Amino acid sequence: MTLEDVQGRPDTRGIALDEAGVSDLRYPITLADRDGAKQESIGQFKMSVAVPAEAKGTHMSRFVEILHEHATDISVVTLPVILDAICQRLATEHAHLQIRATYFRERSAPVSHARSLVGYDAVWSATVNGASTQLELEVQVPVTSVCPCSKAISDYGAHNQRGHITIRARQAGSVSILWIEDLVDIAENSASAPVYPLLKRPDERYVTMQAYDNPVFVEDMVRNVATQLHDDPRVAAFYVHASNDESIHDHAAFASVTWPRTNAALDQFRWEQ
Amino acid sequence: MTLEDVQGRPDTRGIALDEAGVSDLRYPITLADRDGAKQESIGQFKMSVAVPAEAKGTHMSRFVEILHEHATDISVVTLPVILDAICQRLATEHAHLQIRATYFRERSAPVSHARSLVGYDAVWSATVNGASTQLELEVQVPVTSVCPCSKAISDYGAHNQRGHITIRARQAGSVSILWIEDLVDIAENSASAPVYPLLKRPDERYVTMQAYDNPVFVEDMVRNVATQLHDDPRVAAFYVHASNDESIHDHAAFASVTWPRTNAALDQFRWEQ
Amino acid sequence: MTLEDVQGRPDTRGIALDEAGVSDLRYPITLADRDGAKQESIGQFKMSVAVPAEAKGTHMSRFVEILHEHATDISVVTLPVILDAICQRLATEHAHLQIRATYFRERSAPVSHARSLVGYDAVWSATVNGASTQLELEVQVPVTSVCPCSKAISDYGAHNQRGHITIRARQAGSVSILWIEDLVDIAENSASAPVYPLLKRPDERYVTMQAYDNPVFVEDMVRNVATQLHDDPRVAAFYVHASNDESIHDHAAFASVTWPRTNAALDQFRWEQ
Amino acid sequence: MTLEDVQGRPDTRGIALDEAGVSDLRYPITLADRDGAKQESIGQFKMSVAVPAEAKGTHMSRFVEILHEHATDISVVTLPVILDAICQRLATEHAHLQIRATYFRERSAPVSHARSLVGYDAVWSATVNGASTQLELEVQVPVTSVCPCSKAISDYGAHNQRGHITIRARQAGSVSILWIEDLVDIAENSASAPVYPLLKRPDERYVTMQAYDNPVFVEDMVRNVATQLHDDPRVAAFYVHASNDESIHDHAAFASVTWPRTNAALDQFRWEQ
């Protein structure tokens, strides 16, 4: 029996679509890290192609086939390979791939040196538009922040809280690779202190005083990050967002900034997620 | 045309069901508060009946009809009325109703007395089993908590964070009514300090020092709440849970306790949500 | 005692911020609808101002003061008034306000005409940049979608599922007002059938066959919406996204398109949420 | 410098706590499956001990130390080993461990036999109370469900949707091991059809008609599961919940049942999550 290719029917409404594809698809993946090692994680995938005005739709099952073939080797280096497979299998020059996954790094406590693993929410994103391919990395980094105002106006103590610094950076074309680890390092040195899964009492004392000695507003965290990204030639454009889960409120304080190295760099920067 | 009542068909598997109904149904509601005033909110509803072994299913649309009729007057007083409507319309003596909604209270800042509104996640729950009707209230209260250990072992500062105290309390039968406001008051006086939507600088100074002067572990918050609930004759049973969004970690610390005034009180206490 | 204005200190890093403010702040609000009536809801607020390079930070508590004063009258008409209050109180010409809230409309079942209320997730967004003010509406509309491919290739049946159509539209300047209701109407007539909270058996029969008679892909839903928005002079730019919670998969299928009436209309269109 | 053990201080409120520990802690884990193979995943951990009335609190960092040592070998077999480590390190006989993780299985499409991986949300839970240790497994299985009423009363078509069957089962003591795979198999054969990540057109035709031929209510799915669990001697007690993301509504329909093989089996069955 021949089954009709319904998605392949012509369309007459005259509207080309930016994207059609699959989302919320989770798959086990193997991620390459900065040091050449591999780690296993679980990716949440969004994969799409543009649809020209005259085509009724795209062939969704092909995205899953491609994913199944490539999930065992995901990195900034291999994303263009997957994009290329999408373009060939779906006969297009406009495709997008986004992977959300938890990325772990080992951390050593500051005094006891007790070891544990910190997980970061990371996003790898790649877009091809004809001859141009863009790569973007995003990571959300939990941090400690002590409020400078509370410290300055109080006789003792200072409210502090867990904050989150989100960095989205577009890779500049012809330079060395930008890694999730690079962005995590920048975020953690921009707050009052990093967070740790495992702290013994001497570590807790150390971190408490370190944070109190380095109070920052959300505005400060964003600027501290932005200053470092400005100086990194691997970054073509960035978006930085910092928010605090304020301990004295039930809402958050936040700040953000967007910056392109050149006007051209911003043209196709994907703000939407 | 007569349409068959498919849910009314007999069932032969011999398995009675505890619950069948609708969930994740949101509806505008009017809530009565402790002071006799009303406030508008949006309820997320779960409504169910037991299904006897010989019936194939229940009639789901009737729950929505009943909700549409009763949404304009929701309180601890009217929940049994709604349960009664469910029992009559669905010809059962076993029904359950759960409403999740945000509940607001006005708050005055401690020094400036600036006014604002705090929203709490609350749950009203009612269950009828033949002659017995049980009412339960739950509320999650955001608070500030300062870590006693961090304060004791550090030369200055102390890590603190937003915490959440959750109280679920079963109303004792023949006494005066327990209100959401009663549970909120108990939770807020059990932490280092309450949270405020609006704090001017003198307020921020006040709250910073108030919290530093009252450090509590999650274990302390649970015990402070439990002590007060023990003493309240309106409470037949309770579950208290406190968690801290630790500012020095990316995980939470938590503690919890369950307590029935009599063994009988625990029999049908609904732990699942 | 005079408390130092720490946020008012100068900053020397030379980095202006796009936004600094509060987010995840919930407040009871009163919304004006298309018919001149009012409805109570609960808003989740994001309020921000730009921060010039030489200022250390903004004064977060003022956002809450302004919100407290204006929450009782929220509509497309009053958003510019709130923005104006933010600009005056925080001495800036660059401010942003975003409100997420559930918006209810009454719905009548197609055969029985039984009445019930449908809730939609809506977003009102307003931005001022000097002399220019932009208003945007967004709504997510749940719908029924039947798969045209499944229907065409199967002898009987067709997989169908709940889908969601999201429309974000920027209000054109000098024409009549665009309302949430307008966008909901467009989304619902672009799917296989609308969803209903309350359907009696004759209604369920009607809706089942209506949906089967009108199969649509996610691509079709986006194009059906886009065609109508093209023709509406009140729309300066739009983003349309449709996704299906596929009943035969555990992932979603989606499609999207962005469109500006003029190139200028896209300049400041806020893609990020 | 000696730092005081603040958690070790005595407490005088006279209230023993059911649990104190850590939650929302994510860690990379290695899971053993039914076939003796291993798979990498990411666990979300909750680990706790009871706190006697006279102790102020527990030592939270020790949970993270134990997790770091044991994360590379997680299975129904090793859970008691981890519990034992908790009991020894924290000097207690009452401990609880809960792990949430995505669990993948390979699936073959029904006609094309194309292979892909399905991810399931699973929970492993273990509790020790003195001499007694209880193990529980939970899994949420996405499925396709076709409505029997809609099919019966309509001339053509039938509304269908993605549903979720959740099974929580307590392992009976002295019999062979119950695995996640066993519960997934039971859930999938209790619905109209399983879901697949990858379906080619002939597969889609097959699944569409398979589901239409096997319509089920949520009540049916719960009973189909319960019947099989009754017959499995490895199951000491169970909770089954089925819900449908109704395609014609924006709310869910659900049903549930709880069942103990003996009254004793229910005593400590943990309903709360």
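Each chain carries a letter (A, B, C and D) given by its place in the written order, and its residues are counted from 1.
As a convention for this text, contacts are C-beta pairs under 8 Å (C-beta built on N, C-alpha and C of every residue); 3 or more make two chains touch, one makes a residue touch a chain.
Being a predicted model, the structure only gives us computed values, none of them experimental.
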Discussion item. Let me check something: if the centre of a chain is the mean of its CA atoms, which chain is farthest from chain B?
Written reply: A
Worksheet entry | Contact-richer chain pair (by C-beta pairs counted) among B-C and B-D | B-D
Worksheet, complete the sentence: Chain centres from averaged Cα atoms put chain B and chain D apart, in whole Å, by 25
Fill in: Between chain C and chain D, centroid-to-centroid distance (C-alpha), Å
36
Worksheet item: So, what's the distance in Å between the C-alpha centres of chain C and chain B?
Response: 30
Worksheet item: Tell me, which residues of chain D touch at least two other chains?
Response: 3, 25-26, 119, 149, 153, 197, 199, 201, 205, 250-251
Worksheet entry | List of chain D residues in touch with chain B within their complex | 3-4, 6-7, 11, 13, 15-26, 46, 48, 51, 56-58, 60, 148-149, 152-153, 217-220, 222-224, 226-227, 239, 243, 250-258, 270-273
Worksheet entry | Residue ranges of chain B touching chain A (in the complex, touch as defined) | 118-119, 142, 144-146, 149-150, 153-162, 193, 195-197, 199, 201, 204-205, 207-209, 211-212, 245-251
Fill in: Interfacial residue positions of chain C with respect to chain B in the complex
1, 3, 5, 25-28, 39-42, 61, 64-65, 68, 102, 104, 114-117, 119, 197-202, 205
